[in-house]
Amino acid sequence: MEKTLLLVPLFPLVGALLTYVISGKDERHHRMAGWIATFAAVGSFILTFQLWRALSAVEGSVITAHAWTWFEVLPFKVEFAFLFDRLAAVMTLIITGVGSLIHLYAIGYMSHDPERPRFFAYLNLFLFAMLLLVLGDNLLVMFVGWEGVGLCSYLLIGFWHRDMGNAVAGQKAFVVNRIGDAGFLLGMFLLVMMTGSLEFQQLSQQIPYVDPMMIELAAILLFIGAVGKSAQIPLYVWLPDAMAGPTPVSALIHAATMVTAGVYMMARMQVLYSFAPAALSVVLIVGTLTAFVAATIAIVQNDIKKVLAYSTVSQLGYMFMAMGSAAFSNGIFHVVTHAFFKACLFMGAGSVIHGCHHEQDMRKFGGLWRKMPLTFVTYLISTLAIAGFPFTSGFFSKDAILWTVFNVAEDAPAMNHTVVVFGDIPLNLFCWGVGVLTALMTAFYMTRSLMMTFFGKYRGHHEPHESPMVMTIPLMILAALAAGFGFVYGEAFMEYLVGWTRIDMQVGHHALAEHNEVYHTLELFSMGVAILGIVIGVLCYSVCSGIPKALVKHAKGLHNFLVNKWWVDEFYQAVLIRPLSGFSTFLFKSIDRVLIDGILVNGSGMFVEAGGDVLRRLQSGRTSSYAFLMFVSLFLLILLYLVFMPVPI
Amino acid sequence: MEHLFNLTASGDVVLSLLVFLPLFGAITLFLLPEDNDSLARSVAMFFAGAAFLVSLTLLKLFEVGTPRMQFVEMMDWIPSLGVKYILGVDGLSIWLLILTTLLSLLVIFASTSIAQRLRSYLGCLLLLETGMLGSFVALDGITFYMFYELMLIPMYFLIGVWGGKRKIYAALKFFIYTALGSLLMLVAIVYLGLSHEQQFGELSFYLGDWVNLRFGAKEELLLFAAFALAFSIKIPLFPLHTWLPDAHVEAPTGGSVILAGVLLKLGIYGLIRFAMPIFPGAIEALAPVFVVLGVAGIVYGALVAWVQTDIKKLVAYSSVSHLGFCVLGLAALNMQGMQGSVLQMINHGISTGALFFLVGVLYDRKHTRLIADYGGLAQKVPMFAFVFMVFTLSSVGLPLTNGFVGEFLILLGGFQYNPVAGAVAVTGVVLGALYMLSLYRRVIFGSFNEERNGDLTDLNPREKLVFAPLLVLVFLIGVYPQPFLNRIEPSTRAVLEYVNQRNAVAPSVVAENPALRRTSVPQGPESRLEVVEN
Amino acid sequence: MSLAAIIFSILTIISSLGVIGCANPLNSALCLVLTLFFVAAHYAMMGAHFVAAIQVLVYAGAIMVLVIFVIMLLGLERDESSSDFKKPRNVLTAAVIGLFIGMLIVAVQSGVAGAPVDGLADASIVNDGGGHAIGQVLFTRYVLPFEITGMLLLAAIIGAVYIAHEQRKPLAEGRGLKAVRNRE
Amino acid sequence: MSTIDIIAAAPLFCMTFGILALLVLDLFRIDALPFPRLWWGVGICGATAFLFWPFLSMNETAFSGMMAVDTFTFAFALMILGGSAVTFMLSDELLEGQRVEPSADLDLLVLFSALGGIMMVAATHMMLLFVGFELLSICVYVLTGSARNQRASSEGALKYFILGAFSSAFLLYGMALVYGATGSMYYSGIAAHIGEPSMMLLIGIGLMIFGFGFKVSLVPFHFWTPDVYQGAPTSMSGFMAVVVKAAAFGAFFRLMASGFGSVSASWSAMVAVLAVLSMTIGNVIALRQTSVKRMLAYSSIAHAGYAMVGFLALGEGGGAAVVFYMLVYSLMTLAAFGVVLVVSSGTEAQYDQDSIESLQGLGWTHPLLGIAMTVAMLSLAGVPPLGGFIGKFYLFSAAVRAGYTSIAVVAALNSVISLYYYLRVVVVMYFSGERQLSWEPPRVLVFGPRLALILLTTGTLYMGIFSSRYYETAQIAVRSLMQL
Amino acid sequence: MGAVTGYLYLSALLFSLGVLGVLVGRNTIVILMCVELMLNAVNIAFEALSVHFQTLDGQIAVFFVMSVAAAEVAVGLAIVITLFRNYLSVETHDAVTLRG
């Protein structure tokens, strides 16, 4: 059993090496590269599936595999080991499953790109790093995966590196991730100091005995890492720019897998977070704000990939709202469903772009439903899912989150949501309200993108064509999952996960909710919101298309504010980047050059030389002055030491 | 603890052979006919290769797990002044020896770009190698000082004769800057030797004898200051670093590889080998100062590197930042920090050495080091871009590369010593990514200027052969650093325990000025770890 | 000190002032001769007649003749080099030397040792001031300095001749053993 | 003439006989000498040095207490004779280049001054000291002026003569005062009768320090050194910088150690001031020099300062450090002057070419000269593997042992300053590209200078590594001197 | 007893005058003569001490001083002549080519 667990991450690694090795050769090999990579991904999916099936058989439902001792500085020891339990199973299935589909899709999408092998090598490398992150038995192996995926996202975003813009986007992604990782590192150090080890089992035993203040601090620090990786406020700025990469990359990395790493980390460290109520409040607030802000920006975006990017940020905000209210399993459920419909949306957008010859501006689309029926259908289903249309998987997972946020107050002893915001409204109610509003906006902007792309008349000047089968098959599979998964497997999934997380018992358990009439009214209410959003969207962009233009004219200021992404990038540039580079130039120019070099080093040199010049002039060349100086100095010397030396006269 | 230092000559001569082999090489080189370059290079290769092989056998024979000195050689040199020629190697110096011989071999192998006076160039490199090897194994104060200064002359000639435009200024500044520190150290060494005579009757400069000396508070601080100054200039520690960028920019490729790869490590090595065991009270008291300067060095080096326009200067300032990490690790006075520091010395040697090779590759082809002159090289020289990527990642400290393990341990040690210092040091990791990746982007990505860099050729087989071992080492240490740590651990543990034990017994300096007491995290980390252990 | 000694001392000082003061080197040379005679007188008064004779013979006779000869040779007797005392530097020098004299006088007052130590301490030899005693001591104890002084005089002669004589031949074929050797 | 007198007299007779023989031979221009004249000088020095060998193990005084026959005299005699021999070798056939008419008189004067130097060092009686001092000085005045028709040389001779006479008069007056205060002229007599140091004695010692300070060129009395070294022909300035200084240091040390050893507390303050002044001012002015000879002059002033540090630690091995340091100093400085001599003794255009630029590119065009100069410069700067470092190391340890740690630090800092101008020479020779100057120093070196340079360079290297044997003899020398 | 101190005063005075002469003098030969004066002052001191100590050492010292003085003058004048030949003047302030 351990052997297969070790093989799961190994497959993509070998795949990556193989594809990279043949990158230099001729055209025939290029095509092969795509298929090698996909086989690697599918292979690891099959292995995971086998492991998942075997998991229930294993007592305590945990499989661990130990590779080797990474490094040990007694008493602190780090092993390279893997852990496969229910949570990891879910995540791995998603990663390898969606990953394989995206690999398949990428073969089509990248079919005429000269550097295909390099692309697929990076994709496989990404899978390897993501699997390390998820399967890691301790925080350090997770951190290896954590930075590994950061690297792969950097490489993939900057894949078309001829255009410096992409390279800058890639670097921005890596650096912002690194800021998060710094927080993660500090969290790990604190945990090592507190408990002496980083293994999850060890941590869960030790944490109850650690001083609560330290737990809060560690939780916050680890959350900073999550913020960096899962693009929450304030470190979300890199995700929209990451759209510079090819669309499969956006689909795989910036929708399904990497961005959810932060959520997985919190789920994995739920023991820590359950002892850190203050940290959870912070997570809740950050999640809510991110969701709201991203949604507002998504409304005004015209580039289809930007819309989806901001929608991802918003949905991630939702997941962290779930985590913030200690509903870890709900969060993971939303991760799964979001992986399905968001990957499908991105791939749909990809096939649209592919069809319209790399055109991304929605204003150039329109009326594509005839030209690209399959893409249209899958896109429609996924839009409904994300909007939370009743009985789609999106509805179930989003509704669950809203529900747990709403009534978390009463029966969650660990949560002290007594924090009051705006007069007397308790925190969670406020978040719930914002969540509902965001749900409305999500429905609206997704419908807007659907309408602008597939309905009305075609505004582009290329001849759009439907994507080949290799691209549409993954679309259909994912669309099906996006539609049906929630409905069919919703209950079973929650049971499966809750069984794993003992803590979830007390908090907003889905089953309990069945008999609670408040839950039912809420359910209906969120259905209404979703439908309302969709209707508004449809109306605005088909029948009375004048309304959006009018709105833009009236709320010029607000529109402008949103178009410029709340001026966040400019804000960072002004507050952070420019002063930092100014300060560094100051450091280099004045401190290094002038102060240390100029004054201290050369200065002392000059001082000594100046002394030399003065004394040189003393050497006048005239003998009598020499004699005079010699005699006077003799006289002074004798006087000097006669005065000081106690000599009896 | 005393058992560690009272040595008995083990009769074998492998260390002297290792140290003086390059010297013989240099001498035979000077006897060769003037103009025959290929002969000169093959002779130099032979001796450098032999030295490398000897160091490998040394590694094989090295007994793991014991802190005591191995392959000890003891011989009287100046009996009237008690100066003895004592060599010994232990966990601290074994890896540095191998790094020295490896880098010297690679530099000599890659010395194709040196046109005029190749014979003297190779001779200087071999002489430099002797100086470095000698410094790492010498245990007698004067012998150490002799090799320590012997290194300066060939390095001075390397920069001065084969350097760039401002080579004379850079060479002179390098020599005088280091000489100032080392001469003050000489006075301190003499003082130690004599105080040994006062306290124990006979004059001795052997490290083992010095360890039993006891000083007054002010006296210990002053002596420690002399040693610390000499080594801080060598490291280079933050305020004393201005010679490094000039020396690096003007030195020829081989020179700056050795300078960055090995010479800088002597500062840290010297602090651990000489300053800590002899002045435990002072190091404990001044640890906060070193932490502050180390962290300042990290941030300062990173920020200044970010605004550089010359690649070599950028890498030079990155060395200031990296060695700031080592100082932080050293000053944390705990096992994680110390081991991380020693390991990071080796990692820095590999990654920065390779980076200078890379800059050398570009410089030998285009004779310019300005970032603006390059751009979009990925399209023209993909192999170069890949190798450059790997070493950038190693220098940034990505997990699974060698940089990460050392940095993680140092930051962990630093955090345990003082969380605030740890936190600021971690920003160094972020800034590191910032300046290295922005360098990589500006050189490798973006549009390729055909007419200016059109004639660029990718790595030739010789250059590939140079980078191959370094690439292997990057991933080897990154993935499986344990064999390296196993050999380092006993010696660092011995030094650390000795320092703590001495401070526990006679906290001479620390007792007098409690203000210098070490800041500790709310619950003492060590105590916390013990709880877990049992 | 006896009255005569004091008078002669004053005369010696006046004549030495004359040596410094005179503008013309010839006059100062003559003043110096006068000083030497007064010093010889002092020796005589102290009982060292032989020394006084040598003083007059060697110093006044030989050395001063040579000096005056050179003055006349170089024709310096006419130019009036004015070593004026008014210049500030000279006044400062005079002041320092005044202090120096004061210091010496204060020092000399006390320090003179009582008993002689290892000299030939019998009054008779000193008093008779004759050459016999000096010769006897000179060639027994001081034989080494005597020989070296001989060397010294020889060296002085060779040096003076080498440095002062007119250059006989152009540089190339200077005489001397090496030049000859080259010729074969 | 007791046996000790014979042993003591043997070397002196040999030397005198050699000198007179040379004089007579030259007088009658009989070229009986099968080899060039200079080798005759070297032969005399060699023979005399050989005859000095029995002094090594003895420790008495000869000539009724006038002359000390001990290891100290042996050590310095070796240095003086060795220095003279090397000066002969160096100036073989290079005299024309110095505008000096080659003649036997010069060699005579050199030998005379060597004899005078030995007498000074060996003297344990003030009169012998004075006469030796004068013999040395007179000869060197003439040697300085030996390039008769050069204005610089005659000016140098004039300055050296006037100031030399002036300072020797002070020395003499000092002797008179000391004689007055103690009643004896023998060092041992003085030491016995010093008792409570009276003001007259201290002023006497002060004046004698003035006399020796002048000869050794310590700072307040150094004004003549740069002008005379630059003015005199290079081989002669080399001779002065090494042999004259070594002899003066030997005599000075013997006088201070055995004569005024017991009152060292009183005069060590003065010596400390002189040492620090010499080191600092010597190094600082040397920084700004363009002429190599002037730079070497200031460097010799600085090194005199370093050697004076040894005087502060008479008890704690300071003496041995001074003796060893003078040996190493002679090797280094002679090598440096030798190279300058060879470089500046070419055609007419070169004569006053002693600027640092004249050495340009020398390292590559003339490897032997380059290496010799580099070793000399680095050794003077005190860089470890060479003799200069070991010499300084002994001095530093003596000073630190005697409690003068602060002076050791000042000396260390001065070595750093000195690094700058020593390295400037190395920079000119190796780093500054090809030779721009029109003339070339003689390509193939005459046998004499080549042998001398090789000897000196290997000597400096040898002293750096195997110095312990010579240091022990120096220790014996000083120990014997103390009890005398 | 006063005799010796008296003569020592005299010699001190003469010596200082000699020094004054050297420092102030411009003509080389005058300086030479002043040096002679200083040597004579020392001779007086030696002679006085010899009488005081009733030993001959002092007097013999005077002999040596005189012979040295003679040698010195000889060489001094030779140097003055070469100086005159090169500088056509014997003033010390003319010969200042070597300086700095």
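The first chain written gets the first letter, and so on, giving A, B, C, D and E; residue counts start at 1 in each chain.
Methods note: a residue touches a chain if its C-beta (ideal position, glycine included) is under 8 Å from a C-beta of that chain, and two chains touch if they have at least 3 such contacts.
Please read these numbers as outputs of a predicted model, since none were measured by experiment.
Counted as hops between touching chains, the shortest connection from chain B to chain E is 2. Looking at which of C-E and A-E shares more C-beta pairs in contact, the answer is the pair C-E. The innermost chain, defined by the distance from its C-alpha mean to the mean of all protein C-alpha atoms, is B. Centroid analysis (C-alpha atoms only) places C farthest from chain A.
In terms of their C-alpha centroids, the spacing between chain A and chain D amounts to 79 Å.
The centroid of the Cα atoms in chain D and the matching centroid in chain E are 26 Å apart. If you average the Cα atoms of chain A and of chain B, the two centres end up 37 Å apart.
The distance from the centre of chain B to the centre of chain D, with each centre set as the mean of the Cα atoms, comes to 43 Å.
Those residues of chain A in touch with two or more other chains are numbered 616, 619, 621, 623, 627-628, 631, 638, 642, 648-649. Shared interface positions of chain D, i.e. residues touching 2 or more other chains, are given as 127, 131, 134, 138, 141-142, 145, 148-149, 157-159, 162, 166, 177, 180, 183, 198-199, 202-203, 226-227, 420. Within chain B, contacts with two or more other chains are made by no residue at all. Chain pairs that touch one another: A-B, A-C, A-D, A-E, B-D, C-D, C-E, D-E. By the touch criterion given at the top, residues 89, 93, 96, 99-100, 103, 106, 110 of chain C touch chain A in their complex. Chain B contributes residues 173, 177, 239, 241-243, 245, 300, 303-304, 306-308, 335-336, 339-340, 376, 378-379, 393, 398-400, 404-405, 408-409, 411-412, 415-416, 419, 422-423, 426-427, 429-430, 433-434, 437-438, 441, 444-448, 480-482, 485, 489, 521-523, 525, 528-533 to its touches with chain A in the complex. The touching residues of chain C, when paired with chain D in their complex, are 103-104, 106-108, 110-119, 140-145, 147-149, 151-152, 154-156, 158-163, 167, 171, 174-181.
Those residues of chain B whose C-beta lies close enough to touch chain D in the complex are 77-81, 117, 142, 145-146, 148-150, 152-153, 156-157, 160-161, 167-168, 171-172, 175-176, 179-180, 183-184, 186-187, 190-191, 193-194, 197. Of all the residues in chain D, the ones that touch chain C in their complex are 12, 16, 23, 25-26, 29, 31, 33, 36-37, 63-64, 66-67, 93, 96, 99, 101-106, 108-109, 112-113, 115-116, 119, 125, 127-128, 131-132, 134-135, 138-139, 141-142, 145-146, 148-149, 157, 177, 180-184, 186, 189, 192-193, 198-203.
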